[in-house]
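Structures follow.
Each of the next two complexes has subunit A plus one other chain: subunit B in the first, subunit C in the second.
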Partner chain A sequence: MINFDYVRVSTIKAAVDAIVKDNNSLWLAGGTNLVDLMKKGVMTPQKLVDINNLPLKEIKKEGNKLIIGALALNSTVADNELVRKEQPLLALAVQAGASAQLRNMATVGGNMMQRTRCPYFYNTDMPCNKREPGTGCGALKGFNRMHAIFTDTEKCIAVHPSDMSVGLVALDATVLLSGPRGDRRIPFQNFHRLPGNLPQKDNTLERGELIVAVEIPENKLNKHVHYLKVRDRTSYAFALVSAAVAVDLEGSTIKDIRLALGGVAHKPWRLTEVENFLKGKAATEVNYKQAAALAIRGAKGFGLNNFKLKLAPNTLVEALKTATGKS
Partner chain B sequence: MAKKGSGQNQAEENYLNESRRNFFKQSSLLTALAVTPPAFLKAAEEGLDEKAAGYFEKMPLAIQINGVNHDLSVEPRTTLLDLIREQLALPGTKKGCDHGQCGACTVHVNGNRVLSCLTLAVTAEGKKVTTIEGLADGEKLHPMQEAFIKYDGFQCGYCTPGQIMSGIACIREGHANSDDEIREYMSGNICRCGAYPNIVKAIADVKKGGQTL
Partner chain C sequence: MATHQYLGGQPDEALDRVDGRQKVTGAAKYSVDDILPGLTYAVLVESTIAKGHIKKIDTKKAQSAPGVLAIIYHGNAPAIPGYETGGNPAKPPTGGEPFRVFQNTQIYFAGQPIAIVIADTYERAIYAATLVETEYNKDDQRTDIEGNKDKAVVPKGPRYADYIRGEADAYKNSVIKIEAEYIIPVEVHNPMELHATTAFWDGEDKVTVFDKTQGVKSTQRSIMDAFKLKEQNVQVNTDFVGGGFGSGLRTWPHVIAAVLAAKKINKPVKLVLTRPQMFTMVGYRPYSWQKISLGATRDGVLTGLTHEAISETSTYEEFTDRTVDISKVMYACPNVNTRYKIVALDKSTPTWMRGPGEATGAYALECAIDELSYAVNLDPLELRIRNHADVDPVRNLPWSSKYLKECYQKGAEAIGWNKRNPKPNSMQEGEWQLGYGMGAGNFNANRGRATVKATLLADGSLVLQSAVSDSGPGTATTMTSIASNVFGLSPGKITFELGDSSLPPGPTQGGSTTTSTLGSAVHDVCVALQQKMAELVTIQGSLLQGAKPENLHFEKGYITLKTDASKKVAYADVVKQTGSSQLEVTKDSQAGDERNKYSIYSFAVHFVQVQVHRLTGVVRIKKVVTVADAGKIINEKTAASQLMGGVVSGIGMALMEDAVMDHRFGRYVNNNLADYHVPVSADVPDIKALFIDKPDPFINPIGSKGLGEIANVGFAAAVANAVYHATGKRIRTLPITPDKLLR
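Right after this comes the complex of A and B.
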């Protein structure tokens, strides 16, 4: 690993100032992804600004919103009573990611900021428009088994690896930011982005904007939830496809529903249109299959990931069945 | 391979290991010299230790390892794993993949299991670290160490320090209530010998024993 400068900050303002002042600096939270990327030479900051002392670890209820500090550890979120009771889908999604050791290190903000696990991004000898814009996408005609089936460009077909984010996008979360020009709020759905002409940009943050917290509005979707993650081994692997499901059932009628997929796009993939299709319908496998067919419309395989065109709808149907007890 | 019990072969093996070690020492010293800036070498020659240390911008680090307080000086890029193994000569913690994928480097920081290969040592300022060397009470092994022996929870043993550190934390966290739960919460520790069934048995037995770990 190349050497770098290291400073600690203890206020949000100092954290923002340090990054704005120095273009080659990055914030360090849990470091589980950044330190790895630095070892590989994929990311080469000249300075790390350690933000672990910022007072952003709290998980609390404010009015009808659950507020989770950006530095709350993944393990803390997954085991938190309030989260498990009010937003169990989030606990399940966080729990499905990484390992116990990594969840003890990784933070909520850092989880959102993790980079893709595309092997071409990780290998500095390979072309990658995300790592080095203009060099091409190695995955497009290469080993693309893990890659996206929903994309707006062939410049980058990487997927976002976070499970937690799939849960948060389904739960209508909002991201709270603090930056050089003050505070800002972004709907979680607009936090991550599709690659378009700027595959190097994973999200819509501006330089110097720090994630302070995520906020989840109260809902009645905590009774029937499931996070189904399909992967190459039962635990401790990134998703091939994952599905987040939260349903408000009245008898066997779907009163309200939230759906999202992971492992299919450059961002966690919310299925608003499919939700609208299922609202007011009966919780039956027939309806779930129609919904899944709708969910996969517009998807496209790139060769080795063609199996996801079947796996994604099947995963959604299974997750719906489990969440609503129809399995 | 030298057979066990053959004195001649054993001596030869020791000799070979010794020369291998010396070779590695020498070759890494040469590599280090080759990439060291001339000003640093000059400073080192003149015995200007402080100036030499400053060249790589080392940082002070106060850290407690296995109950012993250390006041150290480390480069920011030094991982906790390398600090423990190289600078503090505690080789019990293993370097497996060095990329957070295997769990061999698992240690406890302030009582919580983390991966020391992805932890920058400077971020452990003021914290208490426990490694596999810090578990036994003199000659008396930790209950988890005893259980791994009792249930044969290893073959080659390379992943074992990480498995044991992780197993203790798994029970402390309250995630060892069934074999399935143990498997899920131990998934961050890979064992290429495949000793998993016996590792699960060892952890389940310690959990059943009900001792405070």
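Right after this comes the complex of A and C.
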């Protein structure tokens, strides 16, 4: 690991100032991903600004919104009574991520900020447009079994690895930011981005903008939920494909619904069009299959990940069936 | 030296692990731990290309980094006398020459050690290693066995010549024919403990090494040969091994590099491999392509079996294993032929990995047998019984003992085989498809040579010593059990010392031979000690004076007369009687000519119940029953652990392990434990580990055959067969991951 400076701050302002002042500095929260990346030489900050002392750990209800502090631990979120009662989909998604040990360290903000696990990104001797723009995408014609089937470019076909974010994007969350130019709110759906011409950029944060909290509006989607993560082993493995499903059922009619997929794109993949298709329809396997077919319109395989074209719709159908008890 | 003493009370049947307390409290010191004061730390710099030459190594920047003590590479490496005289510091498996570290500019594989950086802290060493700048003349590498099969050759030596019994390729003329190809990708041992070596020199000609090895004596020999040192001047210690699975069977180049580094700076040096280095520096199970062709009658009687295999090796060494051998002995078939070839690739040399060639071969054979069972519409269990080999069909000799049929019966009952609907894809539980599968295997039950020293102390306690290392099975526990039973002494009064090359020579722990080899030596030395004690108590003026030795009984620390239990002498008193503080006997023990009269094998069968999800392709193993005929079971707890461990590695082999190389670069892309999947606890179901537990009358005085390998041999096939039964899909390339089931 390359030597670096380390400072600890205890206010949001100090945290933002420290980063703005020093272009080659990064915030450190749980460190479960950043420290690995530094060991591998993938990220080489000269300074780490430890934000763990910031008062951003609280999970609370404000009006009809659930506010989760950016430094709340993943394990805390998954176990929190409010979350489990009001937004159980989020608890399930967080629970599906990583391992118990990692969830005990990782924070909500850090989880959103984690980098792709694409092997070409991790190996500094191999080409990767995300790590080193212009060197090419190693995965495009290489080992792309884990990679995206939805992308706007062939410059990068990496996927975002977070499970939590798949739950949050489905739940219409909003990200609360604090930066050098004040506070800002962005819809979770606009937080992560597709690679486009800037595959090095995972999200839409401006330099110096700190995630302070995520906010989830109240909904009636807490009775019929499921997070199905298909992976190569039962725990501690990234998703081949995952599906987040939350349904408001009236009898057997779908009154409202939220759907998102993980492991298929550079960002958590919200399925708004599919939701609209299912709204008002009966909760039947026939409808789910049609919805699933709609869900992968425009998807494309790159060889080893072609199976996702089948796995993604299947996973969605299975998650829908489990959520609505139609299995 | 690791000292293991049983701490529990008198057990009913099976001893708890004598080192259990040390392991769970952290008192156990592994090679990867900081064992010595004043350590310096070494880090290996690796080649980033797979083939070519080093044009230039620039160490200037690294050299001036803080804390750096030395950097060694081909340009400045001190002489290794054993290398220069054509010695053979790390005995190669069959042919070629082992890779000699820092001796020239040639690159044989990506991840090859090309320099070693030594610094005062690990962090500084690893940082400085990133500053070493290397320029290469790169050649195009060849790392993919597929596409290079035409370059496969028959390995040197008569052992690898094509085998023919009866008629070659007789399956072609059979009524029923099965031809199928199977692939196992590269698997990496990945023990939890990284390979690590600490070395320090005392003067010019004496070195002490703490190493993660499965053989302290073989590591000692390698270092002696490389540095031309006397046996008594090379001390190798391996107190505890955090798993090996075969990766510790050889003395790898990094060990020599650490010893060399310690010599150069004349301070203790500790070298720990990184996890990615575990993929390229300590061997792996080679990628294999296999084809099994079976011919049979309509009744399922085998009439022809042809087993072909192509496997990989490095360009500098021939590695071979017994991939095709299991097909020669597993079934009674009049016509059997095998062809085994290897392809030299620009990769490091593979090595034996648990169940080595037999596990590889049994996967293909036992899947093909399953395929045949459907072709002749016969229960796969019945098919195996119909083709049971009553004698060794290769040597035409009787088995020393074989209870495979009993294993079949016991396992079938335990898994509920009779609940199986023979039709594939017939047992549904919602979206989960239920399947049952089985796979069997065998492994040559060997007995090597070992010396054990027994010392009876004045307090009546017994110390046993041998230079073996324990990579996990519980060797000291097993030896304590044997000694307790044979010598007639409570296990709490027995201490077993191992892991120290200065102790009497013990075997390398591999090939399922430790209990057979070392346990026999423990048996023999205990008997010899009893004989010596018998002489003493009957000759000198003791209570048992004049008694015939054969009339003496040894139990619970006392010698009594068989006919009169009131006449007894404590073991401690026998020692005191001699006037010295202890009584010593050393015994060398090895096999006799029993192998000329019998074929000696262990056998096992694995039954599994799986669920496969129809939509997602996820496979869950719900239940496992493994039954082993491993002769007499010395300790049911450690033996069951061995079987369970083998099953867990089999689950990995069947469902997840796959070291993926990007052949454009000749480099692994999943060389870490997040991406190279081994089973987690949640993947491991209830495992019933059962034994026949009948002593083999011929193998050795204790009646125990080997166990570690058969725990894995045939397991992956059982899973693949269960998946077929569940789904009707035959996956012939391991691992069976969801993507393959969705195709």
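Convention: the second predicted complex is superposed on the first by the 327 of 327 C-alpha atoms of A that agree within 3 Å, B and C clash if a C-alpha of one lies under 4 Å from a C-alpha of the other, contacts with A are read in each partner's own complex, and residues count from 1 in each chain.
Heads up, the rule we're going with is that a contact is a pair of C-beta atoms (placed from the backbone, for glycine too) under 8 Å apart; a residue touches a chain by one contact, two chains touch by 3 or more.
Just so you know, these numbers come straight off a predicted model, no measurement behind them.
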Review point. Now for A:N219: first (subunit B), second (subunit C), both, or neither, which partner does it touch?
Key: neither
Exercise for review: Report for A:R117: first if it touches subunit B alone, second if subunit C alone, otherwise both or neither.
Suggested key: second
Check your understanding: Which holds for A:L311: it touches subunit B only (first), subunit C only (second), both, or neither?
Key -> second
**Study point:** First (subunit B), second (subunit C), both or neither touched by A:N3
**Key:** both
Exercise for review: Could you look at A:G138 and tell me whether it touches subunit B, subunit C, both or neither (first, second, both, neither)?
Suggested key: second
Exercise for review: Return first, second, both or neither, reflecting whether A:T153 touches subunit B, subunit C, both chains, or no partner chain.
Suggested key: neither
Practice item. Using the superposition on chain A described above, determine whether A:N203 touches subunit B (first), subunit C (second), both, or neither. Key: neither
Exercise for review: Could you tell me if A:N287 is touching subunit B, subunit C, both of them or neither one (first, second, both, neither)?
Suggested key: neither
**Study point:** Touching both subunit B and subunit C, residues of subunit A
**Key:** 1-3, 99, 234-236
Review point. Across the complex, what residues on subunit B touch subunit A?
Key: 56-57, 59, 75-77, 79, 98-100, 103, 106, 112-115, 118-120, 122-123, 166, 169-170, 173, 175, 183-189
Check your understanding: In their shared complex, at which residues does subunit A touch subunit C?
Key -> 1-3, 41, 99, 117, 119-120, 123, 125-126, 138, 141-143, 145, 228, 230, 232-238, 240, 304, 307, 310-311, 314-315, 317-318, 321, 327
Exercise for review: Over in the complex, which subunit A residues touch subunit B? Could you list them?
Suggested key: 1-6, 28, 31-32, 35-36, 38-40, 48, 50, 52, 75, 79, 98-102, 104-105, 234-236
Point to revise | Complex contacts: residues of subunit C adjacent to subunit A | key: 48, 123, 126-127, 130, 430-431, 613, 615-618, 620, 655-656, 660, 662, 664-665, 667, 669-670, 674-675, 677, 679-683, 737-739, 742-743
